[in-house]
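Two complexes are shown next, each including subunit A; its partner changes from subunit B in the first to subunit C in the second.
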Partner chain A sequence: MIILERSLEIASNMLIASFREKLMPKLVTRREFLNLLGSAGGTSATLKAGSALGLLPAASIANSLDLLALGPNKKKVAILGGGLSGLTVAYELGKLGYECTILEASHRCGGRIFTVRNGDLIDEIGNRQYCDFDDDPHMYFNGGAARIPSFHNNLLSYCKELGIELEVFVGENNNAYFQDDALLGGKRVRVNDYKTNIRGFMGEMLAKSMSEQEMDEPLTEREAENLLSIIRSFGDLGESDLYTGSSRNGYKSGGYISHGVQKDMIAFRDLLQSELGRRALTAYEGDQGPCLLQAKGGMDNITNGFLRKVEDRVKYRAMVSSINVSNDGVEVTYDQDGARHLLQADYCFSCIPTHLITGLDHNFPSDYVKAMKYVRRGDAYKAAFQAKERFWERENIYGGITKMAGRSADIWYPSHGIHQNKGVILAAYNFRGGSYHTNMSQQERIESHIKDGEKIHPNYRDLVEKPVTIAWHRINHMLGCAARWNRNFGGWTQEEEFMFDTLQTPLNGRHYVIGDQISVNVAWMESAIRSAHWALEDLDKRVRSELA
Partner chain B sequence: MKYLTLLVYKMNKRKLSVAILIFFSGLTPLLFGAEEIEPYNDRYCTTCHGTDGRGNFGVQAPRLAGMEAWYLKRQLENFREGIRGYHPEDIEGLAMQPMAEKLTNESILDILEWVESWEYFPAEVTIEGDAAAGELIYSQCATCHGAEAEGNEALGAPALSGQNDWYLITQLKNFKQGLRGGESTDPFGQQMMVMTQILADENAMDNVVSYINTLGR
Partner chain C sequence: MIILERSLEIASNMLIASFREKLMPKLVTRREFLNLLGSAGGTSATLKAGSALGLLPAASIANSLDLLALGPNKKKVAILGGGLSGLTVAYELGKLGYECTILEASHRCGGRIFTVRNGDLIDEIGNRQYCDFDDDPHMYFNGGAARIPSFHNNLLSYCKELGIELEVFVGENNNAYFQDDALLGGKRVRVNDYKTNIRGFMGEMLAKSMSEQEMDEPLTEREAENLLSIIRSFGDLGESDLYTGSSRNGYKSGGYISHGVQKDMIAFRDLLQSELGRRALTAYEGDQGPCLLQAKGGMDNITNGFLRKVEDRVKYRAMVSSINVSNDGVEVTYDQDGARHLLQADYCFSCIPTHLITGLDHNFPSDYVKAMKYVRRGDAYKAAFQAKERFWERENIYGGITKMAGRSADIWYPSHGIHQNKGVILAAYNFRGGSYHTNMSQQERIESHIKDGEKIHPNYRDLVEKPVTIAWHRINHMLGCAARWNRNFGGWTQEEEFMFDTLQTPLNGRHYVIGDQISVNVAWMESAIRSAHWALEDLDKRVRSELA
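Let's look at the complex of A and B:
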């Protein structure tokens, strides 16, 4: 399926290019479109696409660190920030006999692993909130990290090692909705209805193109037959390779005791009115593809798993004020309880966001500072409501995500607490355009999410209560979500690569910047751990040569 | 006792802790420390404005250390009243505005006292421009801001020397484009909106700020 979808993507790219050249100014008939598909390469494009695969990051077995235990030697380590990368370093170095101190500026560890429950503080500057959800184990909201891909091996391996219970997180759900004011007059459409129909029409076009082209292509008869059967099955095509509707998206009525009555097709042209269409077949791939997992009881149980091992090393509400790196160590000062304290260490690992490090007193060289100043801070935004009843379950939705063209973008239904009385739903998740809601007042934010949600769920306004909003751009001691390294769609520039290397390389072999911010796949817990492991392996080499 | 148990069962955790505290008010409060709500004060400044208010390019937050108390007070009040940080394109102003909106007169005084306690360090020079050309332009600024850019309280003009140069550029642009100073209740801002029209382009801004950089502090 992935191969076919990827092929379609490539074929469609070619089509788009020829559209722009030839036909953009006038309307395209179905016949012309089919001809165009043939002329754009048809099956040959499909064949070549096979080698273009590469959707998933390289899967590998969990990194088994082979680090030297210190034995009788003593080493002091300052860890700045109790985010996941900092906790990883503390945990691993603790095993080896290093003396670690974690300085955490806020009242909690975990960084952007943030689960909100009854009574919890959301420390947004200028909009401090306390969560008022019902005090039940399933009534929580993962305001930051919320999904664990099944191939994020290092994270999964820590979950196993630290006894962190996991459960399945449902991301892709065909029974969830699409909603776009441009599509069918703004009517909500089940993902399944959209997907089945668009696949039908696309399959029909591909099949038509196949039968015209196959004799000219270097395919054996058997290969051509198999390809055609894949296309027919992809689109659920009927006789003469025509798409005439499907039972894949369920029946209008019947289907158990009486025979099912097929649903009406959604017209091809109607399907093409929404930009959400491009997400219909590809929204759940790569890091967001099934199977996904979550920590049972809230993602912060991952933080808690690490804290069970290193809690005694953490100083809370300890805000770093200066970092001075020399050839033999690092001096850190921090403010806690109204006084300034000194912490001397042999090594320092900092997962403080780069845009906050630039505001500290430091003796960093200019290229190091230049790189920190270059990285932009992400503005991801999430919001959640307590639902007075689990109304989505009455609509056959158990977990999964509704996609909206409105700015709230997503509604996530909880994968846990099934058939309980209440639940917490995600009411908005805007990863790249979170400033839109961040710049609103709390009341405006909530009203915007209710208005978007009302287009999906009738009576939404009456069904939800007790909102929380998480504007990462304004959260105290964070002031940003995932780091943004590259500024162009074309990928990383050489200068950006150079700045990344500069920040990844430890200053004087003593000061490491870590976290998902020092990765090329930001925003994932796995990336934070990989960054920590990279730094630990580098440290290990240095310590081994020093002690040799 | 049965009734009490039922009552406790129905209450959420926070209410419960309060109820228990009231019930056992004679006992040591340490027992219930875990339920304590995070202490609150308005001393948030250094998260954005950096250690001891030195300013932070990373979040475009200016230097507060060394800022005159009368000027800082006026700006906090302007933000609080929404006559600064109102324009949708003034990204940093928009972030500051809701913070200031929460401030009481008392907490503004507390912040001023806190800011006064910070040691001033010279700001890093980051702007490249033609200081000689900037000096000619600055002669008009000097009328209010002083020959050494030391500021003039009587005229309501703050010191410019020693401020982060990138911040001065941002504010000159904001004034010129009407992102700041557009409110009738902000006479000083309005004056700056008019004055910034003498700066033909970004080059002129770089030049005048480069000159201010030579004045030191």
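Let's look at the complex of A and C:
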């Protein structure tokens, strides 16, 4: 009976506790919360996670190449492709006394650094276009590389060394829009409205979660205060740690001469209708986070900076037909001006997209060829319009990106040419899935971007003209955007690792594959440069041991 | 007995449930979580909060003034103070045929728009300084107004109208630093390292909270998926929704040619040691959020833009000595060139800081004077150094702000002059609490900024030179930074409202107080302009009814 009574006591205490919990407000005051924390036991992964930070890594700086300059004994180098990695190799080897020849298949260097201006050819196979934007200095867009993260040291270092002027690029812009047909009936929503509201509700969840979580170790009062202050500040929480709206996304009216009238909240469940939601808080991380820079006047000024040093070594419209690697060197044949030419070199650096090499005559071993074939290519797609006026500035948008759930995906506003009369607007940037547009006629592509843009900007159709589209996987001599190694965007498979390592092994120490295609961080100019530096340092070791 | 047995059954079921809860992992898988949600009842404030969003407010655009131009019957206007609001009034009334005279007490117009360059006087009472930065176009800093939010429409509209060139300003910069002696023994931490880690832990808390919260209405699978996807993406959560580090804040090594090696996490409790924490996620909200702009070549180009239109109407070093307001007009006397002058006008607009007016001779009613005296002034403080080299760029910092818990508070890096040899670094921006520095000698101020800066940048002392400091509450003819209305930074008190309304009531319809000092959003150029527009529209009503 004692046991029974004890059980009853327990049961009744538990019932009381359970009722008390139902009656008590779920969100306790901060003081109550702190008291609660002070007495709580239990377990929590949250507090256990994390490890002490060691010494912070030294500021990473540009790789300082320490390469051996050649004496009178010249060496010849064939560089296949005038992309950024090829230009880097030519520039650096030029400093050391190597005799470089760059064979560029197309009419221009720079590869996927491609600024489009009046008169430029967009050499899409089956859809050649000439750009007819107005011929003004600010009337361009970057059809390829468009952002320089401020920690891409080697690229920045070359910009400095080569006198390439830089300016700030606007990535994240709270005043740009979110648009998803599933969200509020397809109404455009300012990024800031989405962001402020979702953060408010998340903050409320966090505050509630704090008051309920059992902590493994109690937080000190100071720690708890700081955490709660971070949470409150994150969500801009009101009374009792509830989210009741914010002025962070501006006011409905007032806010200067009279008090501001708070905007209506967007209901939590409405916010949850859009798959774009997660991009509201995370679209500008890592390489895409602030601060970003761009080359003044167009990204191809980076190409031009290198060309000022190496242009005399470039052969344009020179299409490689064969590559023969021996222990002593490399023989390359190429077609130019209707004739076949032979180029004999001690070393060869190739930034030709690997899937275009396998069709040439070559004497590569099968593993090497297999790896070259293995690399998939992205199908990134961009389109741009000339805007008859800078209508986005009337909507307080100066640079930055509108995100849409539709296929045009991103609209980018130029960070340059502020308050000029006209501008070039990036009407579509479909990073993963550009084949959707490629399968259309040019007219269908344009119409689809206008339709998407009309969901964002009133009278869009009348405000834009002179469209160009760039379907990278149909651009002549490239047939693809960045290499795609990590096919499932998760951990790398063993197969992927093997192929990657194979391409990173110079054949006979004579033939190097370079370009962002042999990096784990594809599609960035920095990666192209790092691939060149990796190859140059490998070459240097070989040359030094040869001379030793 | 039946009742007893029933109680026992309940007790035993509750015990089992309680044990099961202890045994179950706190963090359920997503599928389990979704199942859980599907069957849950209970209450939650989270889901109830929020209201349907109405029609989005129209894009706010610049106020289009519709003011009556005068006929041959000229009117005279006295403008007291050449700050931005005064210049705006002079410019707009000039268009309409009013005869304006601007009395500016100091040697320059612009008020708290103050760009400091070689040779400039910083007219602090008791600490006059002449700036001796190198005489180069990019060697300046904005000692007052320094940012233009891209939704400050009226200011932007004037920039366009007056041909003032703009460029992007970097506010948030993930590569800048956080420093607090309480955090990791005072080690500088990249903003991105703090941010990524605190978000990771918060994301983990959220995911856990989601799995535990009872929902008032169950979420649909799609809603739950989207919410979890937002949370996971927010925190960059790993397996089982635990935060185990991220690559968003970069790698310890690798990440280009080889796989990246993840940085050590900063422990959750370490992150909670700093009161700076909440600023990691919220320092760049509202008026300080992206996108921000600045005037090319210095903010005083905004002043210059207005002066190109009105400079012939400015009397410099003209100190007001009396203001007499009648029903017919305003009489102002002022001292200039050692003589006292009389200015008779139909209307008077004053952007003199109100606490400096009350000492003049005047015939203001006591409520008006009381309100003028009531306004407190901020003690914002800035200091700047010439940097012998742009050492921050070597650390991947291009613009943006380092936040310190120390008194120097903020270090700002210039967004202009990228890759030049030298630059001007804002060594301190103490927005609330600048009196701390004012009480020091110039040498003590400088030493304190060097000591704070040394916690961030190695060899700081040797890298900086030619200091200037600006203690706004001791600057001649101002004696204060922005007005401070909302003394407790919470809701406005009745007293504050009353004083504010009093100053917003033009005396006899003849004397207007203008400037950001009569706005609820002090310290912004936009507010100064809006105050001018408010006054002009009020004047216009009076003039129209007079002429009717």
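What we mean here is this: the second predicted complex is superposed on the first by the 482 of 548 C-alpha atoms of A that agree within 3 Å, B and C clash if a C-alpha of one lies under 4 Å from a C-alpha of the other, contacts with A are read in each partner's own complex, and residues count from 1 in each chain.
The rule we apply is simple: a residue touches a chain if its C-beta (ideal position, glycine included) is under 8 Å from a C-beta of that chain, and two chains touch if they have at least 3 such contacts.
If you're wondering where the values come from, they're calculated on a predicted model, not measured in any experiment.
In the superposition on chain A, contact of A:257 is made with subunit C only, not with subunit B.
In the superposition on chain A, A:407 makes contact with neither subunit B nor subunit C. Judged by the touch definition given at the top, the superposed model places A:484 against neither subunit B nor subunit C. More residues of subunit A lie in touch with C than with the remaining chain of the pair subunit B and subunit C.
In the superposition on chain A, contact of A:388 is made with neither subunit B nor subunit C. In the superposition on chain A, A:150 makes contact with subunit C only, not with subunit B.
Applying the stated contact rule after C-alpha superposition, one finds that A:321 touches subunit B and leaves subunit C untouched. Residue contacts after overlaying the shared chain place A:534 against subunit C, while subunit B stays out of touching range. By the touch criterion defined above, A:169 lies against subunit C but remains apart from subunit B after alignment on the C-alpha atoms of chain A. Counting contacts by the rule stated earlier, no residue of subunit A appears in both its interface with subunit B and its interface with subunit C. Residue ranges of subunit A in contact with subunit B, taken from their complex: 105, 107, 118-119, 121, 123, 125-128, 130, 132, 134-135, 319, 321-322, 335, 353-361, 372-373, 377, 435, 439, 441, 473-474, 476-477, 479-480. If you check the complex, the residues on subunit B that touch subunit A are 12-14, 35, 37-38, 40, 44, 46-52, 54-59, 61, 88, 91, 94-95, 97-102, 121.
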